[in-house]
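Here the structure comes first, spelled out in structure tokens, and everything after it is commentary.
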Amino acid sequence: MGTRLGELVERFGGQLMGDANLEVTGIAPLTDAGVSHISFLSNSKLRAQALGTAAAALIVSPADDEFIAAGYTGARIVTPNPYVYFARAAQYFHSLTAIVPPAGVHPTAFIGEGARIAATAHIGPKVVVEAGAVIGEHAVIDAGCYIGREAVVGEGTHFFANVTFHAYCQIGARGIIHSGAVIGTDGFGFANEKGVYIKIPQTGRVMIGDDVDIGANTTVDRGALADTVIEDGVKLDNLIQIAHNVHIGRNTAMAGCAAVAGSTRIGANCTIGGAANIVGHLTFVDGVHISAATTVTRSIGEPGVYSGPYPFEENSSWQKNAATLRQLHTLRERVRALEKK
Amino acid sequence: MGTRLGELVERFGGQLMGDANLEVTGIAPLTDAGVSHISFLSNSKLRAQALGTAAAALIVSPADDEFIAAGYTGARIVTPNPYVYFARAAQYFHSLTAIVPPAGVHPTAFIGEGARIAATAHIGPKVVVEAGAVIGEHAVIDAGCYIGREAVVGEGTHFFANVTFHAYCQIGARGIIHSGAVIGTDGFGFANEKGVYIKIPQTGRVMIGDDVDIGANTTVDRGALADTVIEDGVKLDNLIQIAHNVHIGRNTAMAGCAAVAGSTRIGANCTIGGAANIVGHLTFVDGVHISAATTVTRSIGEPGVYSGPYPFEENSSWQKNAATLRQLHTLRERVRALEKK
Amino acid sequence: MGTRLGELVERFGGQLMGDANLEVTGIAPLTDAGVSHISFLSNSKLRAQALGTAAAALIVSPADDEFIAAGYTGARIVTPNPYVYFARAAQYFHSLTAIVPPAGVHPTAFIGEGARIAATAHIGPKVVVEAGAVIGEHAVIDAGCYIGREAVVGEGTHFFANVTFHAYCQIGARGIIHSGAVIGTDGFGFANEKGVYIKIPQTGRVMIGDDVDIGANTTVDRGALADTVIEDGVKLDNLIQIAHNVHIGRNTAMAGCAAVAGSTRIGANCTIGGAANIVGHLTFVDGVHISAATTVTRSIGEPGVYSGPYPFEENSSWQKNAATLRQLHTLRERVRALEKK
């Protein structure tokens, strides 16, 4: 019923210290693991806790292994990054019980003329696929999704229920789009004539690479003339706004409620904290890390960590400090005057 | 045609000063009420205004009643909390004209194998209920909703159109989920291997108590291993993000666009202002009140009001103060130097 | 195949300097335009760039025309506002290739009793139109939309896929609502009785004027008793929250993730920056401009620009300044003490 440790090592590597035929039924954190589980030590500070785990086996780093070996009698898999190993093993255990949706188009779906649905793809109930759209092999399109005209969904990509993916947009392989996300809506572009807004047609697309995850109710606007681009490996959390003509470099991650305004270009391997707000027409180099709730108003040319949330306080203290903040410039002048004396 | 004052008092209590057979047709604020309405005085500052209302009857507190009795000739219902009485009476008048959706499953809905729909529940057009889900008595599931596999919806709970409620999640009795909300999407969990994100399966659920309201386009992530928990009586407004493994205590309310990051634990009877942002892995005791647009970066161990929005100003003033703010630490050093002289 | 310059001038005005029979196939920015395109110079700083464009014709302002005429050999259309001309011309070119959805109700749509659908309207697949709703001439309701009971959609208004538009709400002519938007959800109104929230029925509507655009996943709450009102020409971007009883004046625009709390009244021709947060019960006059990420906590009685984002910094600098900020009031006291000496 379980999985042999030997099989885990064959799949995911690592050096096994113990019986390859020992079977484990799942993976769990140190304190939650039972006697049929494998657990993992991803933080050396938890070494002492690891010795007390009930788990039958532990995933440990070379640096922790000597300490663990001395006090833990279960099997060990030694690997440079136990947390990554945990992620892979967890995916594996999850796949053993996951219900794979059947290939084929549900009878209540509506498929437009000339749409091409791969034979191994799953199209769920009430899905609408417009004319000329292309759905790749092993793609899973859950109930209620809308796929626009001539849109392209890559191999193995999964849309959860009620995703909206507009005309001509494309996503690559192995992506995930969560429920309620809207990809390819018109960007917010207008010319103003004597106070009245005249809409500028948004004729670009959204082009999304491979291995991209997009969170629930996140919105990604199509480009005005050129495309909005999300490169391979980008991970976007829920309720994020990506405006038209934004470009997000590969393996960048953004936490929930972040927003990026139009035409901003974010580098690769950046992290954007929750509720951070990046204004338009900026450029970030690779490796920029923005703290939660930070508003970024200028381009960033150096990798590093940048921050800007207002420090919260007990309310009466905040009131006094905020009132003083409104006179800060004056306060500086007063200090200057004192210095001159 | 109307409702007797006597009937209101029988239903909702209060001491009636006036004719129990007087009929009123609805409830309205002091200035909007007509001669067939009942109105309410929930704020003593509006006493003078109350004397001028056209309403046939007034709901008043004991503290205001002497003043009102002296100058107002209509009937009065005296009750400790007139605003609560207003809410209950408004619900009652609303129920008299509300259209109750018929019991039964609409022919355009799709119900998966083994799903159990209570006989008194309403399942609207184009709804999808996946295999094994359970819908309680008198539940109302409006058009286009998606209910995942083995999810549970309690008695009398109402999903407005186009809610997404994912597999294995549960909500108790008398809840309301508004349109576009997404419950049980994957949490944002990854291990990072040399810059590439490896997804950690999110195998927990969202467990929601009784009498919980969730606003439009709000997202609540399922737990990574354990569950995300929302206790009884919690009220969430629109466009809120609740990340994986968050725990929200009973009768806590959050205003629109608030966000709570992963594993944070919020106490009971807290209020979280609009667009407030709570980072992950914090703990709040009961009775914590966070002002709008405040970013909270540390746990809060004392009940009270906490604030942190930047005080807005006319733009040119803000520019000067913001520029000085970037040198605030230096300014403090200069003051220290002056003090030493 | 192309469009004659003469035809553009007949449609949109401007003074043509060149051959009215010259044909262009589309409009593009200066640097992207090919030899069959018309381009535009909307910013005098780009004059030099304009001379190098490959475009067959240029839209220029009177102020720039002398300079351009001296160095550019293509045709020119001289008009006071080239950017507005660009918007109109782009709409025109877009219309030449846009696919117009056919009039009529898709067989997979569900139309409730007594709903009136104009003969020229398009109702897409899986749409639900509840009883008594009214859909105007040439309206386009894309797949999966939900239109509540007795709601009214004006002539030529376009709902993209998966919009939710609740009962009794109304929108005028030529509007656009983008995917995932939810109009007319209950406002967030409760009375609190000893810690427990009692819901106040939200019986008002959302009343939307002509020429209003509403972005993807934006939410607009119905009024508590009176209506929430959005006047003609308002443009709302994605993921915006408009609470109950808000009133937005004509031709006001809001960028993504902005939020307006209950009963606030915003004037005409205002702009609200991205992620700005306006608290409840305020009033703005016409012509107020709020910068991105600004929290507004008081009414604004004078037109102008108002700002309030915290200035972001490199993280270690922010930490020092934020720590000092918590003592700002004390620092002011110390300066005062020094001045007294």
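Chains here go by letter, A, B and C, matching the order in which they are written, and residues are numbered from 1 within each.
Please note the rule applied: contacts are C-beta pairs under 8 Å (C-beta built on N, C-alpha and C of every residue); 3 or more make two chains touch, one makes a residue touch a chain.
Just so it is clear, the structure is predicted and the values come from calculations on it, not from any experiment.
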Contact graph of the chains (line, ring, star, complete, other): complete
Interface of copies chain A and chain B: same or different residues on the two sides (over or under half shared)? different
Distance in whole angstrom between the CA centres of chain A and chain B is 27
For chain A, residue numbers touching 2 or more other chains are 126, 144, 162, 180, 217, 239, 257, 275, 309-311, 313, 323, 325, 327-328, 331, 335, 338
Residue set of chain B touching chain A in the complex reads 110, 126, 128, 130, 144, 146, 148-149, 162, 164, 166, 180, 182, 185-186, 188, 190-193, 195-201, 203, 217, 219, 221, 225-226, 239, 241, 243, 257, 259, 261, 275, 277, 279, 290-291, 294-297, 304-311, 313, 317, 320-321, 323-325, 327-328, 331, 334-335, 338
Interface with chain B, chain A side, in the complex: residues 28-29, 32, 81, 83-84, 86-88, 90-91, 93-94, 99, 106, 108, 124-126, 142-144, 160-162, 176, 178-180, 213, 215-217, 233, 235, 237-239, 251, 253, 255-257, 268-269, 274-275, 292-293, 309-315, 318-319, 322-323, 325-329, 331-332, 335, 338-339
